[in-house]
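Take a look at these structures.
The two complexes that follow have subunit A in common; it is paired with subunit B in the first and with subunit C in the second.
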Partner chain A sequence: MERHFDRELNELREKLSSMASLVELMIDTAVKALIERNPELLGEIFNSETEVNKKHIEVDELCLKLIALRQPAGIDLRFITSAMKINAELERIGDQAVNISQNTANLVQQPFFVKLEIIPQMTEVAKSMVKDCIKAFINKDVELAKAILLKDNDLDQQKKDVFKKLISNIIENPAHTEYFIDLLLISRNLEKIGDHTTNISEDVIFMVLGQDIRHHHLFDNHKV
Partner chain B sequence: MERHFDRELNELREKLSSMASLVELMIDTAVKALIERNPELLGEIFNSETEVNKKHIEVDELCLKLIALRQPAGIDLRFITSAMKINAELERIGDQAVNISQNTANLVQQPFFVKLEIIPQMTEVAKSMVKDCIKAFINKDVELAKAILLKDNDLDQQKKDVFKKLISNIIENPAHTEYFIDLLLISRNLEKIGDHTTNISEDVIFMVLGQDIRHHHLFDNHKV
Partner chain C sequence: MTIIKTNNLNLWYKKFHALLDVNIPIEKNSITSIIGPSGCGKSTLLRTLNRMNDLIEGIRMTGEILIENKNILLPGTDLVSLRKNVGMVFQRPNPFPLSVYKNITFGLEIHNIKSNDTLDNIVENSLKSVLLWDELKDKLKSHALNLTLEQQQRLCIARLIPVKPQILLMDEPCSALDPIATGRIEELMFELKKNYTIVVVTHNMAQAARVSDDTGFMLLGRLVEFNKTSKIFTNPEKKETEDYITGRYG
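And then the complex of A and B:
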């Protein structure tokens, strides 16, 4: 019985892990479409979204089944309810990648009006946060989860830098306002991806320690 | 035993209901601060946020306790896992109200450069969606939940109208770019609140019908 339950928990880990890889690919593809001015890549994101949505429902169903049939307690119960929350966060990371591709759709039709290296840099940070938070979940790694909370501060600062730069671009060149606002929204989408990974990290810490660190002063502003 | 469980489920309903009232008040206060140019109101929002965060943890703890002790199945289990998800959505609605107040902080220091009646209109729609989705949850009201999905289309359209108007304002008056972008972000915060209420509505439909309508074609673009 126990061994069967372990297999089911592994299945859950694998499903969430493959979902995380998929949303990471979506982020990558959306920003690649932007950088390479390649509208064809945008279609791939919508296909991936369908796949993510399918996995989202499967994971939720598996979690409900496990709670109902196995009646877990303690860390097993926290593992499964955390998986449900992480599932929702991953789906929303996918949504942010879709938002990036929507904000990119107009941009790819236009020449480059600004060289903005911070966007690919932010993308790398966001992708690494997605990868790490699932690793932290799988390995029950509290230290890695805490490191993600710190990384999020960098992403927030990068977004602030992008906003500042783009606002001065608009003031200098208001005819391209819409273009700059699309870029500004993309930087915000990337920042939001970071926020979802910090939610996942907090879920991991709660799962492992059985302590709710969300909203505690120690963790305010993610100063851990 | 059963009656005790019913009392616990009622406690859960009441906690979520009071959390919803609180986040609705936060939205109201943030937009009031904007409209009345009253920075003092912004402090109230941070106090409410502390209260919401406290309730957020309490509800999660209660849900875990109920699953572990009562080992619910069927609709009772779906009710409790839905409550956990709705809890997270309400907390995020509170975060959006905090974002509105942050985007308002600079605006209240400045005179009105634009008359934008759509923002208070969007606020009324968003607040009514928050109220209705919790009512749908409490009363297990699928029809009301579906009506919220439709209302979200209006909110999306209003946000598009705000974006269009503000972009032309920026082009005409680039010196006030930052001001207009703050307003644009506020309209986006309100739109996001609508998105959270549609997530809650989908949870309600799933809870009642035991059917996952998320990501189904019938519900694409919320055409129900």
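And then the complex of A and C:
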């Protein structure tokens, strides 16, 4: 039986989904600007950020309205509380993209340039995690959510590799320390994006199974 | 501590199988609500707990209903003392067409209870326990049917008290009341649970969520799920429960 309420929940789903596409685009653009050394692309990011902030507030308002007016229970309640948390995570992913673009803005001003393949690789992983965690949310797909938790380990490893590489770069080339630190911060931002997507994945698992797997080191019997 | 427990309780109205293998544990000094769609057997289950169904022709029960470990379905059960111990409040307030005072003393008279306490004291204490004393202490002689519906419902609870029940059964006790009166009866239920065990049938899921400690969900004569109320309304175990509490049932 389709309820009127289901249409409102769909609206919520669509808003979060379009917010996710936006932050994904922001990450993509920030890294593209870095690789193509094209600061003009960065302007788009600030427009997108304004759009994401607007959606962030809209989603929160919609969630509060649905809680007050529909008095949801069970899966509906878990869906809406997860949506609120996912909303906050997406907004923070947007902030990370803004951070990347600020570091990029610094980087492209400098004549110095090293090609670091691993940054676009990390970007691809981070973007796919954003895409997948929202897909997991929309489709209530626990397996996909769990896969993201595993992918995050790859991203962490990549960041460690970047750190190692950049530290040796700094030692070899101390005159360009600032340049390398900006790159290092970008890899850290990408890694953070991964962390936000794992939070979202944990929310998805909670929503579907009603099982809280966060901080599972606190509870012996919780397994992912 | 469990005060009531049914074991594989089955009930038939002639050929109609109205309760199927119901196993429900009721905690002492708690509020348990029974929810479920119309006709699922909520009132039937509630009425078995003080054997009010006995009067219905063609009724048959199997299984056990243990109240403080005594099976009240056994022949030889003293129904009068059972019904003193397990009182019932109905959907429509149904005070006796007598004065406020008489409504409360009536139970003692029909049960022929001699009390050391004076009747005046009993009336005062009973009305106090349902928070009616201040409102009605100067109107004890007035006719009960002149009270507001909420006062009548409180009086119906108050009149159970002199016979010293342990368990209060309530079948949709607020469905005839407006939201304010409903809120006040719910507050009263919280007060009463200190001294009594309450089992309440309600169609109002928000009410079940607000007042009860445990909730049982029934469907077609079965107790589909029994759980902590907070669990039932956030993350029930059974799909049927989830469908019902989210309004997807049907």
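Methods note: the second predicted complex is superposed on the first by the 211 of 224 C-alpha atoms of A that agree within 3 Å, B and C clash if a C-alpha of one lies under 4 Å from a C-alpha of the other, contacts with A are read in each partner's own complex, and residues count from 1 in each chain.
In the analysis below, contacts are C-beta pairs under 8 Å (C-beta built on N, C-alpha and C of every residue); 3 or more make two chains touch, one makes a residue touch a chain.
What you see is a predicted model; the values in this text were computed from it and never measured.
Applying the stated contact rule after C-alpha superposition, one finds that A:Arg3 touches subunit C and leaves subunit B untouched. In the superposition on chain A, A:Ile75 makes contact with subunit C only, while subunit B stays out of contact range.
After superposition on the shared chain, subunit A has more residues touched by B, the comparison being subunit B against subunit C.
In the superposed model, A:Ile181 makes contact with subunit B only, not with subunit C. When both complexes are overlaid on chain A, the residue A:Pro111 reaches neither subunit B nor subunit C. Using the contact criterion defined above for the overlaid structures, shared-chain residue A:Asn53 touches subunit B, although it does not reach subunit C.
Subunit A residues 71, 73-74, 77-78 lie at the interface with subunit B in one structure and with subunit C in the other. Those residues of subunit B whose C-beta lies close enough to touch subunit A in the complex are 50, 53-54, 56-57, 60-61, 63-64, 67-68, 71, 73-74, 77-78, 81, 84-85, 88, 163, 167, 170-171, 174-175, 177-178, 181, 184, 212, 214-215. Per the touch definition, subunit C reaches subunit A in the complex via residues 205-206, 209, 233-236, 241-242, 245-250. Contacts from subunit A toward subunit C in the complex involve residues 1, 3, 5, 71-78, 210.
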